[in-house]
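Below are two complexes that have chain A in common, paired first with chain B and then with chain C.
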Partner chain A sequence: MIKLFSLKQQKKDEEGSARAGGSQKKASAAQLRITKDLNELNLPKTCNTEFPDPDDLLNFKLIICPDEGFYRGGRFIFSFKVGPNYPHEPPKVKCETAVYHPNIDLEGNVCLNILREDWKPVLTVNSIVYGLQYLFLEPNPEDPLNKEAADELQSNRRLFEQHVQRANARGYVGSSYFERCLK
Partner chain B sequence: MKVTIKSWTGVATWRWVANDDNCGICRMPFDSCCPDCKLPGDDCPLVWGTCSHCFHIHCIVKWLHSQPQQQCPMCRQDWKFNNK
Partner chain C sequence: MASGENQSSSDNQQRRWHHIRKLLERSGPFCHPDFEPSPEILDFIMDSCKVLIVGAGGLGCELLKDLALMGFKKLHVVDMDTIELSNLNRQFLFRKNDIGLSKAKCAVEFVNKRVPGCEAVAHHCPIQDLDEGFYRQFHIVVCGLDSIVARRWLNGMLMSLLQYNDDRSLDQSSVIPLVDGGTEGFKGNARVILPGMSACIECTLDLYPPQKTFPLCTIANTPRLPEHCIEYVKVIQWAKENPWGNNTALDGDDPQHVAWVFEKAQDRAVKHGISNVTYRLTQGVLKNIIPAVASTNAAIAACCATEVFKLASSCCANMNNYMVMNMADGVYTYTFNAEKRPDCVACSNSTRIVEIEPDATLQMIYDKLCEDPVFMMKSPGITTVINGRNKTLYMSSIKSIEERTRDNLKKKITDLGLYNGVDILVADVTTPNTITIKLKFLENQDVEMAR
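Presenting the complex of A and B:
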């Protein structure tokens, strides 16, 4: 009888340690939330996601291929880094493709209100995808990161359009060089 | 036929009565708890704002603490707890 009890205890200890080991792998709040976001992701046909490491949902890429507007025919890659404070802080989003755009600078910083001051935790990855897609359809010269591009869009739409096409096809706009990003 | 009840066991269920199924901040069901808690129930209660939006108390308090202005993350109205 005593042996039986000790066996039981041993089994309990094993279970306990197994649970402790499991809890180390327990998904963080950010992971739980991003999993839900990605499951409910409803991408427009111009957008696609890529997961360089399929086990890491916190770091991924979004590829946008606008089918209308100034940037039609281009292929733009954004990197998403979801921090441990998500959804209380927005993901860090950078544009990895050099683009001539009023709201994206040459380092890839993106000026989109919901990625900064207007972020709130009820927003999702889907909201950001639609926000980024909107930037390509309606570049906003009121709130520029690339001032040259913004001024040009306001003063001479045709010249701006030509410069976007030149940058997308590979070439210089002013002193900045752009790699080809057409599909 | 006569039946004699020798013993009985009461069973009850509970659920939060909210205007939505999931917390908009953590996206977990209201009847579950926020991601920082282990058990649902009175230890992880729901709270309502005067704007009528509802969240896990831990989720909304964490959000309000990180903000200079106390606004509902759903509708951006000033957040006031609705102590109905």
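Presenting the complex of A and C:
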């Protein structure tokens, strides 16, 4: 037990006196945690990160270039925004590349469970990278965000594959236009 | 004898303190074995003990009233908010005329007028605007906050005030206990944190319930609940339609924004055959509102105030150390010992000191971290905070950052903005967390000899 009363009797009154050298602003817990996450980032060879400002570790981009599956040969950019409540809250992740994908809509919203309802503070940036990479290898038509794409993947895989290739190479799928995103 | 002391001892004699004195001037079966009853303890509570109350809302009003009535006079209250109509049912220090005024100021004014001798001081600002010198003056901090970010910040601040002896043991006089209360509807919790000694906010971060979220695909394609419709408008439709232009962020406090979301959510609900999308529910989902219950606040605040009293007086052992309360069905409480995490980012992080020549390069620090038997790191990432801005000094694990910080290795540390006593942050696979290292410049030998 701490005996505050007796301890503080001896304590001199330091009211309002910030001592010299004690005024350096402390890094937040979120900052400490993201620094650790990034220093230990172990990217698969299909992924890469880009930091527009190397001093700002809270905002960066992840580039995924799948080497197998429907999306091989494509280059997809995701933006990560890590908030002050990390890791209590997950980073905000958006897909900046227009992509024909059952779990990514045309506004760049990504339906990945660990980005929302299944996020836990023990997860890291690395977990999200693997989650996103998995979306390209195994698109999941059960949880659709782009319903058209999901229905097609379930009903006609060949047609879906053709449409993915058309979208990646630049072109229309239905009424949606996709910019070229091949490497 | 100074007149102030006379006055306080006569104040002390008053019948007003009769019951409190029974606790402080006699021993009893529940007292801590080290407790020494004495009238001086009441003097300490009234004249010396400075308590900071963080938040002047539901819990804060209760805390301020409770502590003032217990005899604490040197109270400070900090809150950045202003009073709203919807506060008045439970934040009983405020009246209709006070709407729009500072919560901290109104609360303090009311209590100083109502409780003779109370000298509470108000601070109408965010907690982040007050510096180390401000926080260091307090003996105890008690908080009634509604935000996890603010709790984490305050926790980090109290951790940064800890001082360690040369043998790396904690200097107990630098410990400022934190008593934290929180409520949500009929549920609440109260806890006592001894920074550096017991579990802190960051140790138990995963105990906070995650924000209620729904799978994105459900809200996008198969909405079943009125909440799904509102979430859809909030998460997807707002960004798509950008109704206020310039990517204006959705503000749950702006009635026009709420009305827009409400209208769109209703349209969506009709389309999917869902009923019960109301304006209130829209507000609730947007702001994550859970109705506040006055009696929960009163109970939790009373518990926190009792813990503050125990800390200040040592008249009784403190709660150990986390109490949860549920009043939804009868009243249930359970107290358990939340354990300190050995790898906690906030409280296991005692600053280490590294001595270095003032004209050293960053490479020399890097090598020291890798070669010094105390560290033996593999590939340390080094960052710091200079003038409130984060700065990445070197990080090898990320290619794009490595390329842009590689040149820093050759630079003198003073040219990178580092100074004697600066803290650098080092992350490495060999440590469970980012650690803080204070650079201590060795005095230049030549200068020494020339003297």
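What to note about this one:
One rule holds for everything that comes next: the second predicted complex is superposed on the first by the 158 of 183 C-alpha atoms of A that agree within 3 Å, B and C clash if a C-alpha of one lies under 4 Å from a C-alpha of the other, contacts with A are read in each partner's own complex, and residues count from 1 in each chain.
Basically, a contact is a pair of C-beta atoms (placed from the backbone, for glycine too) under 8 Å apart; a residue touches a chain by one contact, two chains touch by 3 or more.
Since the model is a prediction, treat every value here as computed from it, not as a measurement.
In the overlay built on the shared chain, the residue A:Glu50 is in contact with chain C alone; chain B does not reach it. In the superposed model, A:Ser155 lies in contact with neither chain B nor chain C.
Of the two partner chains placed by superposition, chain B and chain C are both touched by A:His88. The wider contact with chain A, measured as residues touched, comes from C rather than the other of chain B and chain C.
Once the two complexes are laid over each other on the shared chain, residue contacts for A:Lys120 go to chain B and to chain C alike. Touched by chain B in one complex and by chain C in the other are residues 28-29, 32-33, 36, 87-89, 120-122 of chain A. Residues of chain B touching chain A in their complex: 24-28, 34-36, 59, 62-63, 66, 73-74, 76.
Against chain C, the residues of chain A that register as touching in their complex are 1-11, 13-19, 21-33, 35-36, 38-41, 48-51, 54-57, 84-85, 87-89, 103, 105, 107, 109-111, 113, 115-117, 119-122, 143-145, 147. Of all the residues in chain C, the ones that touch chain A in their complex are 32, 34, 41, 44, 48-49, 131-134, 136-137, 139-140, 148-149, 152-153, 155-157, 160, 172-173, 175, 177, 194, 197, 202, 205-206, 208, 210-211, 213-218, 220-221, 235-236, 239-240, 311-314, 317-318, 345-346, 349, 379-381, 383, 385, 387-392, 395, 397-401, 404-405, 420-423, 425, 427-429, 433-434. The touching residues of chain A, when paired with chain B in their complex, are 28-29, 32-33, 36-37, 87-89, 120-122.
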